[in-house]
Amino acid sequence: MSSIDKLIDIFKKFPTVGPRTARRFVYYLIKLPKNQIDELSRALEELKNNVKLCQLCFNPFEDSGGPSSADLCEICSDLRRNKNLLCIVEKEADLLSIENTKKYNGLYFILGGTLAMMRKEDIDNLRIEPLKERIKTGNFSEIIIALNPTPEGKATSMLIERMLKESFGAAQDLKQSFKITHLAKGIPVGGELEYADEETLESAFEGRK
Amino acid sequence: MSSIDKLIDIFKKFPTVGPRTARRFVYYLIKLPKNQIDELSRALEELKNNVKLCQLCFNPFEDSGGPSSADLCEICSDLRRNKNLLCIVEKEADLLSIENTKKYNGLYFILGGTLAMMRKEDIDNLRIEPLKERIKTGNFSEIIIALNPTPEGKATSMLIERMLKESFGAAQDLKQSFKITHLAKGIPVGGELEYADEETLESAFEGRK
Amino acid sequence: MSSIDKLIDIFKKFPTVGPRTARRFVYYLIKLPKNQIDELSRALEELKNNVKLCQLCFNPFEDSGGPSSADLCEICSDLRRNKNLLCIVEKEADLLSIENTKKYNGLYFILGGTLAMMRKEDIDNLRIEPLKERIKTGNFSEIIIALNPTPEGKATSMLIERMLKESFGAAQDLKQSFKITHLAKGIPVGGELEYADEETLESAFEGRK
Amino acid sequence: MSSIDKLIDIFKKFPTVGPRTARRFVYYLIKLPKNQIDELSRALEELKNNVKLCQLCFNPFEDSGGPSSADLCEICSDLRRNKNLLCIVEKEADLLSIENTKKYNGLYFILGGTLAMMRKEDIDNLRIEPLKERIKTGNFSEIIIALNPTPEGKATSMLIERMLKESFGAAQDLKQSFKITHLAKGIPVGGELEYADEETLESAFEGRK
């Protein structure tokens, strides 16, 4: 296979990229000065060598190795964060969106996905066991399940909540006893009552203040 | 002007209808059997004669006249509704959306619009004075400002809230003393954290439970 | 049924109008001054009484009755139009689009629809017999089948062409002998080669000049 | 700058990629097995080393070097292609679209862009001089200007046509004398007359057959 076709094949697997866009990427690269291709290769190499997943929350972070080498991301190793709050999110981008609000000061756990169906192989793809481990070693007073209110997110929320209750519910002898919370549903900024679905509107009414 | 052009002109002013759609409406009517045109004319005549605006909430309702003629809509004249709750909405469709949830049992007030700008003529188009009158004659413990979280809805919300405080705030001698509430903002059903704006996400966090 | 619900029912059948928009139309009408409702009713009455379909091309036109009453639309009765060209279109809006180009000076025939499937009842809805009649009484040198290059338009084009050939092909003794043409397919203004489908691109190449 | 941010910066410059998608690409890469990152790096290296632009038409092609090293792409070196036809396209993807129709058997020339404005620096970005050179050394009976019927494509078409006439028009002593053609404009497959702009509809009428 030619390197053009090989690259199209690789780019086609990138999220949101179809064959037409993959091809456009390759044409773009062909026209790029060679030193910029080298730059891309070097950045890939660095990514491969320096980026780790945080041992606690699975957030990727950069670590250049050496004596000061770390196992924890910037958030988990930040002493000023509230260690009693854990926010479970689906993916890195959700963590980032929440961080951008600058209103949450607790810790995170990246679940790694949500479930379309309750098949064993799908459940195995989520970081369920690492999550239990994380909670056992932590000291949380509140666990926020911050998954999307989509069908997949809701199903996964229910699964996580059930799992938490089974694993920790009767465990009053454990050091922790946490409450489980969920993000509020409601009308988003810019949204309109007329086009809101009933469940959203109900939540907006119930949560009024 | 021909009746075709006259009708196009009239339909063009209907909400969401542009000149092309207005023309399609007329072509549609031309092909309709004559008795169906008559039916439309009759329904318009009835609408003109029988539909009134409720004296209390401005919700349109049907009244065929006669000795049992009414001044109040079905909601305002329903004895089972909670007379201590008033929900201020922009328009009829919003009232209907809320009714469809079957979770709100109080009364309504249709404001008649929202403001893009704080111009006197725009403010005069809203039912501000009738709203004050409505509140004076009522006995409300809570007033829910249920306008859209759009820029116009927010500006109008602020205006209404200020007006309510000015008119009723110091009036502790009045029979009523109500709290003012707003619908919860949050992630709508089907929405995603990644694409939520910061204010929505903040509200979703603050309102978590 | 209330007049509000009756009107919603009627408007719901208008092209492109769903239940939500139908309701918005009714709320709009409720707020309209009564004399504007009367104006709409009068325009509907006039439409019903004055608009006829042209006996030759089925284009709707306005005729106020009286001694100068007409059976033909402005185009068919215009002596300056080229009576040797007939352009078959699906619907009134297509005729209008072509007229707006000011480049076609022949006559039209409005077929009244296209076919999704070759079912007898669908075929009966088209003005096939009136079209044959029209061609027999005319004197055409060219018949332009100007249906959309959509699947329905293409199927109907083929049907019309076959019908024309069967009815007039061997009829060399008839006074007319016309050629059948079709609009050119190609890249539309503003379109892009990259996103054109193969058939369009082929036509654009074949028709190059 | 971290390798994550460096990669986001690089991907942001890819066509159609914004900062959010660039970030998703990086998260995708972080989760990829390391050997797949290596594969991507190798494919980039090969692309850099093996892909050349054809000396005649500027189409990129793969050449692994060695004694059989070539200067011409598969099309330009294909003896069965018609060497009397030259089709000028804006970019590689347009060439590919035309090839996919399998109806054109001539040669190509990739102009490298189109012009939004007639600024000297923009014109210099196009391969105008190489195009003249190409035509001089060729033996063409027809030159097809196959640029998009967009404002930019049309302006560039006119520029190319004027340039061709200036350079080759009076050159009857040259060995070649070619005609200049343009792709047909018309209704695309799936399009509708009602929504076609006037110029498209005019072209569809003029090109009817």
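Letters A, B, C and D mark the chains in the order given here, with residues in each chain numbered from 1 onward.
Note that a residue touches a chain if its C-beta (ideal position, glycine included) is under 8 Å from a C-beta of that chain, and two chains touch if they have at least 3 such contacts.
Keep in mind that this is a model prediction, so the values were computed, not measured.
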Averaged-CA centre spacing for the pair chain D and chain A, given as whole angstrom: 40
Gap in Å, rounded to a whole number, between the CA centres of chain D and chain B: 55
Sequence positions of chain C contacting 2 or more other chains: 91, 93
Overall pattern in which the protein chains touch one another (line/ring/star/complete/other): ring
Every chain pair meeting the contact rule: A-B, A-D, B-C, C-D
Residues of chain B that touch chain A when the two form their complex: 89-91, 93-94, 97-98, 100-101, 103-104, 144, 146, 148-150, 181-194, 196-209
Chain D to chain A touching residues, read off their complex: 2-4, 6-7, 10, 14-16, 20-21, 23-30, 34, 36-41, 43-48, 50-51, 53, 60, 62, 91-93, 96
